[in-house]
Amino acid sequence: MTTGAAPVPPTVEAGSLPGVTRSARPTAWLGGLGVGVVVLLAFMPSIVSQADTSILLNFFILLTMSSMWNLLAGYAGMVSIGQQAFVGLGAYTVLVLADGGFNPVAAIPIAALVCAALSVPISLLVFRLRGGYFAIATWVVADAASLVISSIGSLGGGTGKPVPGLSSLSPKSFEQVTYWAALAVVVVAVGMTYALLRSRLGLVLAAVRDNEVGARSAGARVVTARRIVFLVAALGCGAAGALLAVSQLNVQPASVFNVQWSAEMIFVTMIGGIGTIEGPILGSVVFFLLQQNLAHEGAWYLIIFGALAVVIAIWAPRGLWGTATAKLRVQLFPVGYYVGRTRRRDRPGSAPPAPPAPPVASTV
Amino acid sequence: MSAGSVLLEVDGLTVHHGQLCAVREVSLSVRVGETYAIIGANGAGKSTLLRTIAGLHRATSGRVVLDGADLTHARPDARLAAGIALVPEGRRLFPSLTVEENLQVGAYRARKGPFDVARVYELFDWMVSRRRQRASQLSGGEQQAVAIGRALVANPRVLLLDELSLGLAPVVVQRIYALLPELTASGVTVLLVEQDVGQATRVATHVQCLLEGSTTLMGVPGDLTRTQIEAAYFGVSHDEGAER
Amino acid sequence: MSWLNAIIQGILTGGFYALFACGLSLLFGVMGIINLAHGDLAVIAGYVAVLLIPETHVPVVWSFVVVVPIFAVGGYILQRTLLQASLDRDPFTTLLVTFGLSVVAENALLEAFSSNGQSLNIGSLIAHSFNPTTSISLSYFSLTVLGVAVVVLGALQLFLSRSGTGRLIRAVADDKEAAQLVGVNYRHIFGIAAAIAFATVALAGIASGMYTEFAPTSGPANLLFAFESVVIGGIGSLWGTLVGGIVLGVAQQIGAQINPAYQVLAGHIVFLAVLAVRPRGLFGLRTSS
């Protein structure tokens, strides 16, 4: 991605602002860094142990989910506690396709699309409620989805079923294939989030976040924007669920539809920094460090992680990334607009000039 | 406390809304028994000034002192107990409560004094028959009267009135302003904010004009010329209109 | 005849759900927030009773006399500290904070008490029932709970509409800034509302703990059923909540009659159907904040 101006909707007069850039700093080298990191990660299975590869794979799954929740809540203001619905439906779509003789890995993108399609009727229902009521309604939908799946005997009922179709692979190549699939999913998920936020939709979301009434009156299609975000989040969580099915080779309703997935997404995002693309990445790292160190302490990692999320939500709502970079104005993924210090063309009667170079729609 | 001594003192008050400076170094002193009017155009900072005196905004700097007691850092409910009551812009009645309930809530932390719910019913006799109606069912003028009554039953020493005339028919405004002498006679000091200069100069014993957050003029209405007030209201130059 | 019995059992279950739901509804009405830890509070109340009964020598059936006041005080304190701090940010933060507290509470209970089910054993009192025919059974305990729910809702309604504090609660719910201007410390009023909500949900948790088993993971189910009762009945209507609870209870019992596995699902389906057809609920005044 270059730093050129994105297409600007006619309703927002960003085009008439002088010297608008995407970032406070030149960012071409960041793109190179990103490609480098992904290439390095792609070679990881040959470098690190099988256990570490498996940890990385789960890291990718959690990061995918968290990025989706961050998009929902951090950018579109929708707190969903029912994203496990799409995790579960994604996993079961893989199971159904694999049962039908389809390659489970090739089924991952199909599972994601199925979840995106299912999100449309679901959004018609849950969008009737707002705020906290929306949050619990998504949870009810997830619980209902879990109960429906559990009642279908051919899918293994409440105990679940193994995923067939990958038993011919050697353990080594199975591990590599699932790892690469997870890497591909996470790169697409983060990249898609980034592209989405730099598009017209990102501008609408930023406007809604600043002032919903104002955005509506300026002609922004707020509901459409929310619907698109809900669909994308379902797509991403569906892919993550599909990865779970493929990597664990077993699908169980109590596991894939567990509200704990939403809890982890939420905590990771809150701790890392909600409303920034970097936040979920940092939050996922913190989560895995904590989980690895407290692996033998039962549920303690969730207690500590949850308490940390509560503390951060109240006393440091920008999260670790947001707090650390508030002063520096660093963005690995520049999605905001910065007004440059260049010549101003004040119109008579306009509002008093803003101080130099404030972020117009940067991090929260 | 005798008539003529300073009751409410605002000293070098500066208030910000985020980065925007809404009130800049404003000072005023209101004496017992006065009707003190703040005038100014839309956006001059009048309401912010009043809301800061009532404790709804935090002052960046400066002091608010009532009869010697520094209330700059007091919460709004503590200021009411000390004797500052605000009738906010837009009335802000409790819409789901009845007229009588609105007045009863107003008396929640009332000081001792001449006003109670019965006295308000004497001032506005139409309220008696409508006391069981929800506040949301009243007309704008009626709501304004209930809002004043709700502030009066707390028996404030100084009553802050924010844009009483906003959105009301002129005849209703006249009727409400006609009440002021009666309130003053009962010992209430009034600090009011008004966009309508004619209305303010008619009732006030003292006027102060704000422009973009700063004081541009203060004095006794009789001493001030129309040109002086216009210049202070709109800014120095005559042909340059006020914002908006 | 078993269908009639299912409907009767459903109506009786509605009493439990209304008791669970009224605190959720009150907090939303006053503060505009949803406490996602609401269901876990009921579970915690059960465990507190389990812990305190041996210490206090209070008969199990009267354990609520000890636990409910503890919860009222705890609710006031939690509201004035953590919840108010989150509310000072925005409702979005409160939602996430209560969800975080819910997860922390659930896992802390798991660590402390294991995942095994517990119950509050009130002996033979639970077994007594009134049997007008051989296939219909009305448990006296469930009838009592339904009666308690009606009394609690009625008392709450009366308190809000008639008492001075109730008037202040309604004033703060209408406009908390204007309430400050008449001298009301809205934080204190929020604390009182939270105390009432915590007390009622503790009562619900103990009643349900006497009737069925509970475990650390029972919280979310309590929350979802309470929430469904509120939405089915109509957000903002206290008596609607009772009707919502009864509708939910009946739906679940009829579902269970078809197939025991469909009990909870049938409730969800009725909830989603109400959301689709009549989003304001059966007695709703408004759809949302």
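Should a chain be cited, it is by its letter among A, B and C, assigned in written order, with residues numbered from 1 in that chain.
Methods note: a residue touches a chain if its C-beta (ideal position, glycine included) is under 8 Å from a C-beta of that chain, and two chains touch if they have at least 3 such contacts.
Remember, it's a predicted structure, so these values are computed and weren't measured experimentally.
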Practice task
Skim through the chains and flag the pair connected by the most C-beta pairs in contact.
Solution key: A-C
Practice task
Work out the mean Cα position per chain and let me know which chain is farthest from chain B.
Solution key: A
Practice task
Please work out the Cα centroid separation of chain A and chain C, and write it as a whole number of Å.
Solution key: 33
Completion exercise
Between the Cα centroids of chain A and chain B the separation in whole angstrom comes to 50
Handout entry: Distance between the centres, which are taken as Cα means, of chain C and chain B, whole angstrom
Key = 44
Fill in the blank from the handout: Shared-interface residues of chain B (touching two or more other chains) are none
Exercise for the section: Over in the complex, which chain C residues touch chain B? Could you list them? Expected result: 164, 167-168, 170-171, 173-175, 177-185
Handout entry: For the chain A and chain C complex, residues of the former touching the latter
Key = 73, 77, 79, 81, 124-126, 128-133, 135-137, 139-141, 143-144, 147-148, 150-151, 259-260, 263, 266-267, 270, 298-300, 302-303, 306-307, 309-310, 313-315, 317
Exercise for the section: Could you pull out which chain C residues touch chain A in their complex? Expected result: 28, 32-34, 36, 82, 85-86, 89, 91-93, 95-97, 99-101, 103-104, 107-108, 110-111, 220, 223-224, 227-228, 231, 235, 259, 261-262, 264-265, 268-269, 271-272, 275-276, 279, 287-289
Exercise for the section: Would you mind writing out the residues of chain B in touch with chain C in their complex? Expected result: 54-56, 75-77, 80-81, 85-86, 88, 92-97, 101-102, 104-106, 108-109, 150-151, 154
